[in-house]
């Protein structure tokens, strides 16, 4: 705890330094100072914080009382297993993204107030750490809002672009609307518990009140987590933000929404047991988000939008885990509960690693080629092999391929769902198994989507001149990628250990857990062994192949064009054509808009085909809603007509109405 | 004596101002009035608080008991004093710049020519305005309070008509007419109070003390009628919907420092009038009646403000409507009673500081961009970085986001709504706050972000005078959002206690 | 005494209606000054609880000075300055509505009187509704009149109504306060007069119906 | 069935050795139907031997991904195969949820094969890659449903490893349908369809066509040559064995006391599956590409039906 507090103090210190530096004129010496001191402070603080997390028992609850100066609430903080699990990505990605951001901003930032950027970055990390440890409603809300607002200033970094302004606005509105629901949630919880910190000590509630709180939490936190109908800010904000920010937002910040839901559930004690529909609601919402996310992702041609939708998918998978855990608890099947909760946390940690990696890679692509539109990329693997390898690792991890880390979470979740076959009630069995089938579809589509993302962006021939001559990343740019890439591999091989760590954080008594964790750890050990064996086999095969080719005649030549000799990069498959078979199946869900044109005749000279998948929820639901409100407001503006007579008439009418109301009875 | 100085200092300063011919003299005089008034109000506050805590200390009384401040009034007095200081600092820079411009200027909208009112008269009215507010906040005599509020109208009308062009005149006329009529109704409210207590009448000038202590003997029907008239009357001045119509016009046309004072200090004074009535009704056991009305008008004001904020392109009108919203929140908080009253007191403090800052900043924007339309202001962060930074912060503050003071007050009001299980009120409150946030975010962000339009004059010099007061106010609201000094807490709690907690 | 009082009250009501129907500004100004005189008379006629005659006389003198002499002078001066003295008639169709609303207000005031408990006969009969009706007539004039000066007259009438209502409650200690009220109103009208001057200079008319450039 | 290690490893060795026979059998059956003599049954062995000796032509567009495709596709089948209860003997690696590992490991191989295809930059290979990715995604739910149905048959949490391939595919189902649970018979049907999809046989894909525009799997490996192509062919054969072994695990009841008899019966069943594939290929035409998705949907629906019927009992 002490180390953790020192880390927080260091973050505060860094933030105040940066705030001061951002207000003075940006002369070169100050810029240099900020460039070095800002990220260094953040990285040091994150390292300290990380050390603080591993200091002492993982599951132990360590409370602390911070000084508090407001008339409401209090400064209660506590570290427990759940907080530690969620803090892991915050500190890990916080440091890595600061490193990467420092490398990419060092040269590129004429005119920007870099100190302000790093200030808000520090604030975000600090607020995240506080959100995850706060044990008081007001403290939590303040931290939450700081955490929600500071990304806004990070997203609007390139605000001379209209799309960035639009995106930052969408983010701000979504964040605030979610926060408003949370205001209601905490005020209600306060009322129920009688004090601002009562919620965090656990509330005993009637089912109706408990469900009201649960729904408020689900909507408020779900908006942050990017759950399906409330996800629309994600695909806008991530492409607009600088990539190191997207990585942190996607890998660490949206987890805070999940944390909120998770924490809320553990704190609500419903008389007569948790209502059954909670778990099903979460499972359904999770599956819906996962499917929506991945189907939309497969239709995107902007890499960062694709990654953003994939975050929606992964949050959905985590929520499915939470829902499974709830169902397990509710039906008294602790094995399923253990697996579900553990899956949620494991996948959360793993997601931070690979999504952070992928966003950072996307940032390097943007830096190298000036675009992340897949149809303008290609051939980057040959030109930037290390970057390509990092992306390949991330892509393989995100589609949950063993032996990388993504597999563990999905494995545990699928196992939890599959255990449903042993339950006595048929409807629960069917529900869980249907969810598992959905999960299988999601993972299949994810594989197709990331095959597209990596294959179209990095493989084949460059589709544009810029992609053919990219601005090569320096070692400083690449080193930060090594950490999450190593985490993808390392966490995959350390899956049993990760599971053991996470198991200590589960909201279940350890004696209940014990009979269920041991077999799972054994299974994970086998998975790791098989993975290691597979790596061995691969190594052997590679050596054998090399041996075979060494003796034989080999040559390099251009790709065989099936008889078409004038092969150019333009005849390659593009992202639109790659998605086509899925589009045929899911076009309705994907909301794709196909633009194809072809000259008439037998030998068309010109043809083009492109697809776009704008968010229909945003275009068909939210935009018209906002528009309608605006039109309503405009219509009502007639009452301020500018005529003084009318104004005085309003007064007269109000007076008479009040007198009539007051004395009629 | 100190108490009397609160009144005499600005009066004397204002009179001297009429004869001060050099700019430096006027500036010094203004600063002297502001600082002197500040010191006097702090001393008065200290004396009153001491007297409240310990009977051995004598409470300050002046003018034969007409001036007899209580904690509730002192909250607003201190606010008025602080805001006046900020506005005076700003005024020095502002008037110096106005002096430097050509005497006959072109209006940036229709191109018609106009002149400024003489500075002596403007500054004198500013001082008289302060004197009137001091009277309002220190008296316990409803008649004197009424006179004070009427005088604020009469002295602030010339302030609004500083730039002598058509729109300003229109705004001034509307302000003058609507507020005069409104205050006339409030006067009737005073009369009805007297009728309610008839044939008894207070023997000295501490009417409030008498009314509160004898409230149970009064006629409830007359008290209700009196409160209705007070509410409509002072509500007009305070800007409760649907009586708020003068407010956006006057605030948008007045020089920004005047708007800041109107919004931050004057509206509070009018609210004090309503609070006095509420105190009496509370004491008479009719608190439910007055609370119900306050809650209703509070929500109605928030709704009206939301309707006008969404799609509002004119940034000073936007701020004015936001004042309507916040006055609604104040009324709501007081109407809800209990812990919400404390929230309302805190809200009054934080709103005044924030709104004053925003209006002063709006003055900077207007000076630089020569437009009141938020559509034509872009890229403030590049041309005027500190203003933009404070402007964006002010937007977050005024919409009640942490870490600013308004978050604490809005949340404590919300919390009390839920504690009293008025879930529909709570839902309406939250929905309206959300709509207002979305509505305000669009123009504010549009102004801060983006690329500066090509026609903008090259550079804006941010000086101590034009951003200094704003920065100090900004610092104050951040501080209040993170740390509440214990003395302020107890001060506000005492005020809330008086206002019917 | 009571009969005289009732006559005065009836005259007051008739004056209200006359003002609501009057087209031109000058007769309205005369009617307002007539109302001021009535006010002074009523002050002396209405039985009061704890005031002495000297004070009442002083106050009545002040009323005559301000309302009967001061205001008409001020308003006439403004009228001439603005240049509307000769052709001040406006063809308006709104007057019948004004009269109807005046009637409604009277009815409303009578209704309100039945709803309110009157302690120990504060007001003589008809006094309360008449005063309230005066207040409302004033407000209707403010609402219905297009010219700035008309609005000021309406404001004065409303103010007179309130003054009437407060009359029976006056006592020794509050005389200074009533005086300061009168002064306040006078200053208000003075400031309004200045504003009207500016309006006529700037807009070349004092028709505030044209004031609609500030709107949403 | 005792987890006897020796028969299992023998079955594994048999699989490794005999897998290239299966395409030979299929081709022979097809030739017989067409009234031709046909290629030798051991043709693939000759091909492999020849390819391993040859050099490779590697496209200048490619990177290490191109080489990784064949290697990984072979390695992953190597790894996935021992997770199965080969020859009806429980795998020594069996654990709860190993079916997930097997499915994802095969997915890894497929993923890299798709990437290798995209690495060439060829339009045709991209075409194949895109189809492979899409149809694999659709096949996955059906496969999982099959597994779950089998798990549901023996549904009892007291059986250790009830969610393991070794429990699912060692004769329980065949015993079950013998005990009047005819819905289990749907499973071989679905699995057979999945076998056709995963191994790119008619009516889904035609490995022998000369029209690249209609191919799926074969068109993906157009640019691979030499040892790379050998790896791919061998991996494909092993994968065919894998799916045939699944089918065999369902239909062959575990009633043999002698392990070697069981091994023999199992292997015969696998050969029979190959024959069945050959027959299917001979009597059916290739369906149009858009119909494949419907076919997979149908398979999923059948599997879901089987699952529900199983659960209701």
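So that you can tell them apart, the chains are marked A, B, C and D in the order they are listed, and the count of residues begins at 1 in each.
The working rule: a contact is a pair of C-beta atoms (placed from the backbone, for glycine too) under 8 Å apart; a residue touches a chain by one contact, two chains touch by 3 or more.
These figures come from a predicted structure and were not determined experimentally.
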item: Apart from subunit C, which chains still form joined groups through touching; value: one piece
item: By count of C-beta pairs in contact, the leading pair of chains; value: A-D
item: Separation of mean Cα positions, subunit D and subunit C [Å, integer]; value: 101
item: Averaged-CA centre spacing for the pair subunit D and subunit A, given as whole angstrom; value: 36
item: Whole-Å separation of chain centres (CA-atom averages), subunit A against subunit B; value: 44
item: Chain centre separation in whole Å, for subunit C relative to subunit B (CA means); value: 31
item: Of all residues in subunit B, the ones touching two or more other chains; value: 173-174, 177, 181, 221, 225, 248, 308
item: Touching two or more other chains - residues of subunit A; value: 637, 640, 644, 648, 651, 659, 663
item: Shared-contact residues (touching 2 or more other chains) in subunit D; value: none
item: Interchain pairs in contact, sorted by label; value: A-B, A-C, A-D, B-C
item: Complex contact set, residues of subunit B against subunit A; value: 173-174, 177-178, 181-182, 185, 221, 224-225, 228-229, 231-232, 236, 242-243, 245-246, 248, 289, 293, 306-308, 310-311, 342, 346, 379, 381-382, 385-386, 389, 396, 399, 401-403, 407-408, 411-412, 414-415, 417-419, 421, 426-427, 430-431, 433-435, 437-439, 441-442, 445-446, 449-451, 481-485, 489
item: Complex contact set, residues of subunit C against subunit A; value: 108, 112, 115-116, 136, 139-140, 142-146, 151, 208-209, 211-216
item: Residues of subunit D defined as touching subunit A within the complex; value: 52-65, 67, 70-72, 74-76, 78-79, 83, 93, 95-98, 100-101, 104-105, 107-108, 110-111, 114-115, 118-124, 126-127, 129-131, 133-141, 143-145, 148, 151-152, 155-157, 162-163, 212, 222-223, 226-228, 231, 289-290, 293, 300, 304, 307-308, 311-312
item: Contact footprint of subunit B on subunit C as seen in their complex; value: 49-50, 112, 115-117, 119-120, 122, 135, 139, 142, 148, 151, 155, 158-159, 161-162, 165-166, 169, 171, 173-174, 177, 180-181, 184, 187-188, 191-192, 195, 198-199, 202-203, 208, 211, 213-214, 216
item: Interface residues, subunit A side, partner subunit C - complex; value: 637, 640-645, 648-649, 651-652, 656, 659, 663
